[in-house]
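For reference, the structure I am asking about is given below.
Chain lettering (A, B, C and D) follows the sequence in which the chains are written, and residue indices restart at 1 in each chain.
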Amino acid sequence: MAHQSPAEIDNPTFGERFNAVAAWPMRVLFGLLETPFRALQRILGIGRMPYIFLLPNLAFFGIFVIVPLIINFAFSVTGGDELFLNERPYVGGEQYSYLADCGSYLDPQSCREDRFWRGIYNTITFVFFQVAFMVLFSLVTALILNREIRGRGFFRAAFFFPVLLSPVVVALIWKWILLRDGVLNAGLTSIGFERILFFVDPTWSMFWAIFVSIWAHMGFYTLILLAGLQAIPPDLYEAAEMDGTKRERVFWRITLPLLWPNLLVVIVLALIKAVQIFDEVFVLTGGGPGTATQFIVQYIYTTGFANQVQNFGLAAAASVVLGVVLFVLTLVQLAVTRRKEDG
Amino acid sequence: MADAQTASGRSIAGLLTARRGGASWHWTDVFTYVYLAFGVCLMFGPVLWLALSSFKTPAGLLEFPPTLLPLGQIEVEVDGHDKPLPLYKVTMEDGTVRELAQIRRIGIIAQMVDPNDPETSIRVPIASREPIREFRVAWENYTKPLERFNFLTYLNNSVIVTVVATLITLLINSMAAFGLAIYEFKGRNAVMLFVIGTLMIPITIILVPAYLVVTQLNMVNTLWAVILPGAATPTGVFLLRQYMLTLPRDLIEAARMDKASEWAIYWRIVLPLSLPAIAVLAIFSVMWRWNDFLWPLVVLNRSEVYTLQIGLNAFQGELDVQWHYVLAMTVVTLIPVALVFAFLQRFITTGIASTGMK
Amino acid sequence: MTEIILKDVRKAYGDVEVIHGIDLSIDSGKFVVFVGPSGCGKSTLLRIIAGLEGVTSGDVVIDGDVVNAQPASERGLAMVFQSYALYPHMSVYKNMAFGLENSKMPREEIEKRVNDAASMLQITPYLKRRPKALSGGQRQRVAIGRAIVRDPKAFLFDEPLSNLDAELRVAMRKELAGLHAKLGGTMIYVTHDQVEAMTLANTIVVLNAGRIEQVGAPLDLYNRPQNTFVAGFIGSPRMNLVDAAAEASDGRIELVTGPQRIAISSSIRITRSDKITFGARPEHIEIVDEKDADIAATVDLSEQLGGETYLYCTPEGMPQLTVHQLGQLPVHRGQEIHLRFDRAAMHLFDGDGRVIANGIPQ
Amino acid sequence: MISRLNRLLVLGTAAMGLMVGTALAETELRITWYNDGNEGEVMRGILDRYEAVNPDVKVTLDVVPYKAILESLPVQLAAGEGPDMARVTDLGGLSEHYLDLRPHVSDPAYWETNFGPFLKWLRQPGDDSAISGFMTQLTVTGPYVNKTLFEQAGVELPGDGATWDDWAVAVREVADKLEIPIPMAWDRSGHRVSGPAISMGAKMFDADGNPALVDDGLKTMAGKLYDWHQDGTMPKELWGSVSGSQYLGANEDFANAQVAMYMSGSWQIPQFADKIGDAFDWWAVPAPCGPAACTGMPGGAALVALKTSEHPEEVGKLMDFLSSEEVLNEFYGKTLFIPGHLGLAANGVEFHTDDPRAKHALETFAAAVPGISPTAFDLQGYVYNRVMFNALISRLGEAIVGELTLDEAYDRMTQDVEQQIAEKERGG
């Protein structure tokens, strides 16, 4: 309904022309598929068409994800280091009981497979702090980007940029900065501090693991929150201003409650991502010092893949355990989004 | 990056004027600008530092404290010597400082010569000399590995994998999303639960079984082995479906009244209208495929099918990490990312915001 | 020319039945309006005819063929949606041509039809625009144009004017009426606005809670509502409906409501009944001298519109009555006036709301 | 129009690209290879010459990151998808996948004579005849010192027969005087620790030849390593960072003159020659002594033929060519690798370097080979030696950062080795 001059509308822009040309092969392809699909629709009826649309995706998915998941489960009840299932002896729940063999579950040291339990505890620590600070910083950044500032597009993009980098590159970049002779230590020494060997200190290592993963992914969550913030009707703020409400109160009483659905999505997504953490931290800290930043996925990777005796069975058992945890998180997410839709 | 420069220039001007509704300065205004300035440095700084470092010589990289710009030692031609000699600034015993070229070093004594007086050699303790350096870009960090490897083949493979995989992903994911968003049918919730449930499975966990499947399909050492397994992304289906749910149902019904077949509704109505979400998925897919490392490493072991990520990492040996190559090759793989970012940044960010996990 | 017949059509979502057996015959070339409050099932009924919803039982018959199993795309009907449902990514021309392309019509024929429809609707200058560059009225015309080019068996309109502002709505209403006159096709039109229904329809179908309350020509419904629902729904402002008890005395019948007693002719056959409803439209209540009056009432509010006046007044023990008078009346708030119901235009309904009489002899 | 054409071209190349992998008419042999330095280029040159003489054979070097050799290759081999040949370092661990070339090489006796001790490393337990490949590189572990730093500090280099403790005292003195941050650094590698441990009396195996990683000798060495980390002789950056069995070297720090003594091995020579040049005198010194011996660990990478090959004949022929004394002389000479060919080792290889430091280092390491303890050879030849190495470094690393006590670490080492070998045996 915005009033535009006819000239502007009638002449296709360069972009539109480009799109028209670029769409040409697509049009041919999709056009060719029209006839068979029409025939299918006539035979099956509209009611069965969704299955047709789902079929290719489900087929790929079944072959390359579901079948491996099933094989993975089969691995977890067999032993040895053979690759083919028919050559692997059945051992029942032995791999699981090996993982669970603990004096006390609170003390990894008392477990047969101490690294598995360390991995779990490290992951819990990581997830707790990473998610908390991720949400905090995404929220602060989104709030700031939601203000009337010039160059907002640029700043928004700047915070998003690291999302596009591969985990390996992210880790390399930061490792390069944090090395003993890296630029950060140069900065520290130049202002009179001692060099810090970041990757030798468990706390620093965990700190940087958390920091770097937040650095890399914050932009994505910020955008989700920003979308939520911009969806809050401005009249609410104006009404609050008319009432003379303090800014802090506006934040707690208007912004936060209305942002809550987006915040929940962010928390759940960040949570799932954090549980899966692997490549970034693996390249950055190598899981060290000792096992201080060795997380559950790294444990699975090392056990099943990187060790000389590739212990597929134990790794598979651990991954099934992880899968169950993730599935529970999924259900939580579903419940959360369900409630969001209802509310 | 030029774009970023000008944009930040603009925004610096904006810093002074952009406050909420011309009211007086509030602490949050100050905080905003400090935060943003710090944020921009934090986000771009490390990457720029990486790029700068990648132009340094191995020796330059080892230096502590590091220099900002890549520097190289100046070498001079001296009569009577076949090779150019490195130039040093030497503090003599009497406290004077001279520029001398080093002929050789024996133990802790360097044998040096004044380039202007090539006949007399001077013996100097090595502790009292300091190399003289100038700005020099170590292009060889880039050219050497790229010569050593079949760069064009790898690039070609990477591009094919990225493009074909992204097209397949977009096609089958959007079809599935269409099916899940537009229709009510038996089993829909089960499929959705499935999709979301597998959203969380990292490939690392099923690396070996997935490899088994690929070998059984005889796809090892073909690009299909890299393209197909990741094509049916739950993330993509989820994202597109969420977006398609926001399309007015009237449009679909209008199309049905217009005698459109279901396929035509999919590709002539829903697909064009889901373009923002499709673009977001396309960008993510391109990034995933371009950055993919672990999986190609497992399924591709013939150099004619290597992707760039494998090829460029091939200089990571057993015992030696050659940082100057690692950094340079990292920058090479970053170039497309930077281009995508520079050209599409507005599009990406608004696209994600508009799909915004509604 | 198309005839559409619904035979005992029922629709249920799960256990909830929303359409409870509709029988309806829509004659060829007629402009039929489904009217009713929101949630009455009128849109569902339209979508059942369109083929966008299936029926749970019963038959939809178009030109003698039962089309229950036919998908929307094969029924040959065209629909104009409340939201217009224009394809945002296509130009106006493309929007109108889309349906024709789907039926594999030759390009020249498509062009001719779109251009004809566009000139008829006066949207030719906008053919290259995208819908978002059009005003609401223009979008409305495109939506109609998209239906016209198809040369459908029948046009279905789903509240097509509800997104327009009042002035435009009146203008478009006229155009739609003109269009029907020009095209002469069968049209089914859904609205909740009884004014639209009255002005456009050959036949109005009043729906309530999934059932047909009454079918008839507009004035027929106005003059002879078959139940309190239709009486209250048709006409604006709505008919005054007053619950009363009927008492017979002295060979006359008195309608008793609170302390008020209104005598009417005994020629109406009413058995003594505790519950009865009588109705009188605002224009059928006269202001008279005290001696001729049925009741006295206090004015709560008077709306002076210049050419006419609406009075809202409350007789003692009765609900508020709306009174419509032509011209300007020097009446003010709190004043007592005397009212008389025009017996010839009075309606009586029984306790179930069914009509007893439309008009009572003097 | 142009864009349409381009599009077709792109689609065309895409289709071609996807079809790559179909066989060519001539015999193609594939070698999966990794590089630490220039060995790939040298090998390529040699292969080019071979191809010129044998036009029906094409040999492709598929260069991969070392990670792929260690992690992906075993899975590929297990799935039957391997190449014809590969350069591997897990010599015994992958032996079940090696092709026995004995029927395909022209002169098995030549192989026995010149590669005898190394052929054993490539054999499966119980097999004493298979010929599967040769060492592209023999490595000997041993320390380098920054002689210039010693001179600047005025500290004498401990001479032949000096013990590890002697060295520790000397390097600490150097570091103190010159404020060098790292007196001594060891690669984070079980292989590196094993030599000194054997010097301290570690036996590695029990009387029946079963692995027995933890004994008094090993404890002595591990204890010293532990103490040196606590007292600052060694930096925690190597052993104290990263987890599990990951390798970390101090070569960068050594090249940057931050390290007085660096325990690594002969493979560093080419890159030190390249990176350090004459910036300081980097000197290889003989392995320091313990009560039992003065030994390093032998090791290296072998080029092996694989059972997955469909052209064993051609592989045998190529192997004959590559293993010939002339070719290997060139290969070792250009790569500055310690020869894994007894004849060449005895006669000396012409190394292509004029760096006196590199020459000295090569001589030092080559001279160390005869003095290597038999235990070290046995350990190198043991199928599951990586299991032992991994257990050693991962647990010792955890002890050094304080997650375990030394005693707990010893228990865990034993447990790790037992568990992994048991799992392996279970598969048969």
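By our rule, a contact is a pair of C-beta atoms (placed from the backbone, for glycine too) under 8 Å apart; a residue touches a chain by one contact, two chains touch by 3 or more.
Computed from a predicted model, the values in this text were never measured in an experiment.
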{"item": "Touching both chain A and chain D (chains)", "value": "B"}
{"item": "Contact-richer chain pair [A-B vs B-C]", "value": "A-B"}
{"item": "Most widely separated chain from chain B, with each centre as the mean of CA atoms", "value": "C"}
{"item": "Most central chain, Cα average position", "value": "A"}
{"item": "Where chain A and chain C are represented by their mean Cα positions, the distance between them in whole Å", "value": "55"}
{"item": "Separation of chain A from chain B, taking each centre as the mean of its C-alpha atoms, in whole Å", "value": "18"}
{"item": "Interchain centroid distance [CA atoms averaged], chain B/chain C, Å", "value": "64"}
{"item": "Distance between chain centroids, defined by C-alpha means - chain B, chain D (Å)", "value": "32"}
{"item": "Two or more partner chains touched - positions in chain A", "value": "46, 83-84, 181, 305, 310"}
{"item": "Residues of chain C whose C-beta touches two or more other chains", "value": "71"}
{"item": "Junction residues of chain D - those touching two or more other chains", "value": "71, 75, 79, 256"}
{"item": "Footprint of chain A on chain B - complex, ascending", "value": "4, 7-8, 10-11, 13-15, 17-21, 26, 28, 31-32, 35-36, 39-40, 42-44, 46-47, 49-50, 53, 62-66, 171-173, 175-176, 178-180, 182-183, 185, 188, 191, 193, 196-202, 204-210, 212-214, 217, 228-232, 234, 237, 261-264, 266-267, 283, 287, 290-291, 293-294, 309, 323, 326-327, 330, 333-334, 337, 340-341, 345-346, 348-349, 352-354, 356-357"}
{"item": "Chain C partner contacts - residues on chain B that touch it in the complex", "value": "248, 250-251, 253-261, 264, 268-269, 272-273, 275"}
{"item": "Footprint of chain B on chain D - complex, ascending", "value": "10, 13-14, 17-18, 20-21, 30, 32, 34-37, 40-41, 60-69, 71-73, 75-76, 79-83, 89, 147-148, 151-152, 187, 247, 249, 251-252, 255-256, 264, 267-268, 271, 275, 278-281, 301"}
{"item": "Chain A to chain D touching residues, read off their complex", "value": "21, 24-25, 79-84, 87-89, 91, 109, 112, 114-115, 180-181, 197, 199-200, 202, 205, 285-294, 298, 302, 305-311, 313-314"}
{"item": "Chain D to chain A touching residues, read off their complex", "value": "3-4, 7, 11, 70-71, 74-75, 78-79, 90, 93, 181, 235-237, 240-246, 248, 253, 256, 384, 386-387, 390, 397-398, 400-404, 408, 412, 415, 420-421, 423-424, 426-428"}
